[in-house]
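See below for the structure under consideration.
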């Protein structure tokens, strides 16, 4: 398969007690997998973009647990297998007002932290239309910082569009470290996605979302800048024009993975040649559907996304 | 047992993933049974009406799964057993805004589709006070269309009151086919129940619910016409008088089966000799309780229904 | 361990179907333990007060099921073991508007109903800073009525502060019986906790919560009177001053045990020497967190309680 | 329904952790119902005998949990409902060599312990072909000792065959008490079923199973005496002739309820008019099938029993 | 992907209660997928052969449930999607001596029953080294009988080796019908796999397994004939030489799918160029491992298969 | 509490799919905790020895998950809390012949790997009668190698008996490394426990178990040497006398933790002052019971252990 979309990043095991139960007293856990870059590939694949996910995993049942779930949704994993390193995991306990949702990362020294650009990676990226990774990847290790840099450069050289989501994680690094890395990578990024709060807190940008997007686009010559704003929707600036997209109302089951669903939805339409405006609305609908599904993954279909866009996403058909 | 209520129709296996899970990735399913006519019989039986449910089922563990659950609630199944035919099923995935609830019927060629009036059926119907079936039954096969017609006629000849709920299902037939069949059966129907949207879309009636009910009653000489209107409650026209019943507020767990609970609640009071007005309020309370319970069945008690009517249905008693 | 808090009372097995399921059709039950006095000890222990729970239990796997769960949270059970008596239980079915939550007590003749003050009990109470029991205990048997009276007197003689929550249970006794017993115990109570509705219905007090608290404090010379008012928060009168505490907004998973969490949170701060006002807000935050957790127990940490007080109890940190 | 078989006795809730889990650390329990006399009625009903079960239950979701499960299998419960008394329960933890299976009864003061012969009971027994109760019933209370005596007498007067299984329970009474009661009831018993160890330890009989059966038959003028011998099968003496029946080999899932399945299988054939020898083999096959099923109940069909008898009970048919 | 192995056939949903539970009283079901030809492709894919599975499925969550699980194991589904037809299913209840395992097929009119050779199918088969289907496929419909015939012919013309397992299913057709069809297809089959009992009952062959294999090879000019003999192992005749392979001892969890695991293991080595003898032992080890895993699928790795062959498949490594 | 037994070591989270399921396809995991030294403390505590477990854990819900479970069984955890380090875990998939049980350790860099002797540790060890750790502890990090050495020395100086189980883990170190460390620690060990295969492979001892034990005792001046031999039982040499103890027959549910249960059972009797012979039989019975229980922990009672010793551990008492 010559992929349309290639993503590179870590995928973790996801361990969670059922809703209302606490990690410290739970006796069973739901067992899933999750990672920003495979989440994006899965959403895009399900919505029609042929997708490859690049990563490095331990050669063990745990590593295979990850590739199994990725393949389920039609994404082709191209994996560097490691005989010794560990599989990262994260524990999540769903909150409920006023109890916060708790995320405990257990990803230090995961196999991917030593990943260097391989021929396999470079070939896949060179063949693709879009290469996507997120700000989590360079935060995971110094090696990955370098690898991310090199893979983005590979893409640029090959003429592959690059998309990058800040995905700032305070448990991985400080705002200063993050900003420095982000800005050093921006030269090789075409499409930037940033949560409004990260644009503010990490990139130190103020003003309206439109101002922020326009300024970022100007400063770093991005083709497109997308600012996501939670319940207030999203905004894109592309070629000097700005596009607003409200969020769809949701009755949320699991909010984790919303941003990745948004990006996956956007890229699937970008690859299909749709307009920024059309792609944004598709992204928002995909994100809304994701919130109704347990787990990080946007287990959705194009019909369902279109149903939301046509405002038919309600009731029971029988 | 000489039954007060006899119903005839299909009961399916009901297979559903837990809330927030999707059918295409689920690894276990809740396993229940459901069917409009057994749902009605179960609700009425639990609320005091001795009830018999007539059907045709495969002579297999699956057919027995159905009769077991029906008997649980005090309804007596009188079954024609079939050595070869299949057991119908339906899959349901609960939605959450903006994701729709998905229902997949797998009921083609179920055992009941070849059911003809038997002596057992006719005797039960002749002995009963009320015979109930719904518009799903004639939609399932040509044979059942004829059988429904004959059983309604049997009831009329025996002086048994007949009740019929349109229960239009777009996955089974077109509005035109449905209307034609409905209207050809109306001559033998005493109590008609119709959702407002079906009265409109299928029977092609316009105006206020009251107008619709009154016109239908006039056109087809129904003893009673009940229009159900979802959150807006229900309305009945009987003997030229109209009765309004608001819906009770609910925190809904599972909406499937609400209409059947309404009808079962109504018929249980009709049989007890209560007024239209009293029966309507009982029906609305039964329907509200049903919505708080997983599955199609109104697993309720008379005390609970009365508690809702007395507005005590809140809080914890201890 | 020399405990700061000692509580005395019954702990039951707690058996409940999952949400949306009914007891009469359930095929599995969640299995937990619960009792006002162990709930309070567990909340206080988790929030920093070294706690002992006194009780009498059957010497069986069921009695050990109880002590196991109590120990889990750092409370030391000091138990009189009984070779023959039974273990109390309660069944709970969660409701949903308009269906009430149903509680069925099965606690008659539980081992504790024959508990008399033992040297072990008296020593623990004499050593403690606070002794707590609730109005459930004297309601369980005549023997316990006497034992409660004697243990409160023991505490008073030893200079141990006594705290008492009315916890009126209509399934155990009549308002008249309860009032008579309560008032006869008040002479040995320092801190009284009462739900507003119980102050009204059982103690026959009218007026604002502040009036009620002030009058009770005056009539029975309580050091502190706390009136709990559900969603309207709580109010304390202490030394002639009144303190108001609003309730925190919650997205409730399980309301059972809210009052015990409140008391446990309050006593943990009382023991730590905090002001009435500080302790009240801590109590309210503990109670709010409890409502987000399945089961009777406030499985919370001081950090979480403080997070709620600082209004950070929202969102996901990652 | 005019029943062929009527049984009278207690049915409890059955609470059990899954295999390999211990009661004292379990966090969920399987929830079923069980009682010797309803077990027998259920087995017989499933194998073709129309059956009624008589009992007294609390008017609560727990009492209905019991009747619901009994009705599931076609048995008609005729119940005296009690507004106040409790529902008995038992906890069972499955063992594995060398750990014993643990049974904890929690049945004291169950509603049935105050049951007196009602018109409803007496009419049902008078109409039946066989009336069955077991030695558990008179052990539960003095009232039940008398009631059992009177119901057996009622049956004898009405010409209804009486069947009685010793079912000695060491947790309920001593061997001496049991023997005295048993022997005082034997005058009204036609068919006696006794485990070999009970015949030995309780009735103080020695010798071969055949000697014991023959002596008992001679001493008390039983029509039939059946001695069950676990893996060694069973033996009956009837009219001076003895019949041996080996046990079928089983791969046991749950041994509880084996004896009741045996009796239910036997009585179903007795009622159908089959010979002692045929009925014994049917009983042994029913008992063997029961051992492969979780729970007390013999959820079997006549076809399956016959399959075992024809030695086809193996492999997969597809 | 240019596949090494291509298979064609039906994959069903597989619904089963947990062990010891009965279908007619179960309240939840495990939800998996299964089909001889996808089972074979999955086993071979996991053991190193790039595999494609051809089929026709409904375009619904149920059809996607099937492709999702097939892709999980690295097999590429190439599917003709049908907007209307149903998804086949089967119910399985695990037995335990003397209770048989019960299989209930619900596969009539599944989407695949109307499948005709498509360009996609023919291209995949033409590209492959081996094409596999089983005797279930032509039994499903007249259309499939023809399609099977044509696809085998396509393979033969393209020089693709064909493998065929009789897989006789008595619930689908009679021995006579099956034999007639089998023999008419044999001309285009290179590798025949037959259970000994089917060679006997359906093909009407007598004698030792070796005789049967040799005679079949002679009569129909098979390249290889493999006779599977359950616990007695397997035997192959190839080029006039016979090879015996004993079965590995197993502690069986789920026997369903054993034969498919055997064939998948065999073909994976055939494709890798291994000898008949080596491939047979690999097949037997794969089959033995399958029996320890719940579900139809051989979720195994080459390391595990080799571990069994080296007799290291025991104990715990830590 | 002044403890009788103090143990020091790592406790991990234990994550396992249910029996028959594979890690790479599982969707839920059982969630327990396990570690040689807490396992031993739990077994000994449950059998009557007051026990303290020393460790270092992350200050997180995962660290508390561990202490919660340890406290459940009456063991007092004395923990050095770490704000940053991770919580170790292990994944276990139960095998079935010929599939091996798979254990995947994920314990690198767990909080405990940096643990140094604290005052808290030293005080607890000084107060105790017995201090126990196993050969796993020094294998986890260089720091722990030193800490283990120092804690054993602390114990010796305080006159606390030291017990040490080799517990060789091939996934942690090589036989040569292990032997070197073991032998350097033996000077401070009083009671040595070694599996026969480890005495052979790691300590390089040959001959009968008795010879090995006697030689080791002679070479290193152990007070007692215990050789465990799986199904062949165990053998101790003490003061020049040897004691043989056969293993009890078991129907095994989960073998993990058998050795720890053995040691816990032995030490509980050693502390109670029982003879070597009595303690050995108690150890063997505890180990046998453990094998019938899911999880690492010996959730047993003294009564149950004595029941096994009196050969009553069979059947059902009711």
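All chains are identified by letter, namely A, B, C, D, E and F, in their written order; residue positions are counted from 1 within each chain.
The rule we apply is simple: a residue touches a chain if its C-beta (ideal position, glycine included) is under 8 Å from a C-beta of that chain, and two chains touch if they have at least 3 such contacts.
Not measured: the values here are computed from a predicted model.
K.L.:
Count of steps on the shortest touching-chain route from chain D to chain E?
P.N.:
1
K.L.:
Let me spell it out: compute each chain's centre from its C-alpha atoms, then which one is farthest from chain F's centre?
P.N.:
The most remote chain is B.
K.L.:
Which chain's C-alpha centroid is most distant from that of chain E?
P.N.:
C
K.L.:
Pick same or different for copies chain C and chain D, depending on whether their interface residues overlap by over half.
P.N.:
same
K.L.:
Would you mind pulling out the distance in Å between where the CA atoms of chain A average out and where those of chain F do?
P.N.:
44
K.L.:
Whole-Å distance, chain B centre to chain F centre, using C-alpha means?
P.N.:
Chain B and chain F have C-alpha centres separated by 62 Å.
K.L.:
Residues of chain E touching 2+ other chains?
P.N.:
22, 24-25, 27, 68, 72, 102
K.L.:
Considering only the defined contacts, which chain B positions touch chain D in the complex?
P.N.:
Going by the criterion above, the answer is residues 1, 68-69, 71-74.
K.L.:
Chain F touches which residues of chain A in the complex?
P.N.:
Residues in contact with chain F: 15, 17, 22-32, 60-62, 64-65, 68, 86-87, 89, 91, 93, 102, 104, 106, 108-109.
K.L.:
Chain C touches which residues of chain B in the complex?
P.N.:
72, 248-254, 285, 288-289, 292-294, 299, 304, 307-308, 312-318
K.L.:
Which of the residues in chain C come into contact with chain B in the complex?
P.N.:
19-22, 24-25, 95-103, 105, 169-171, 255-256
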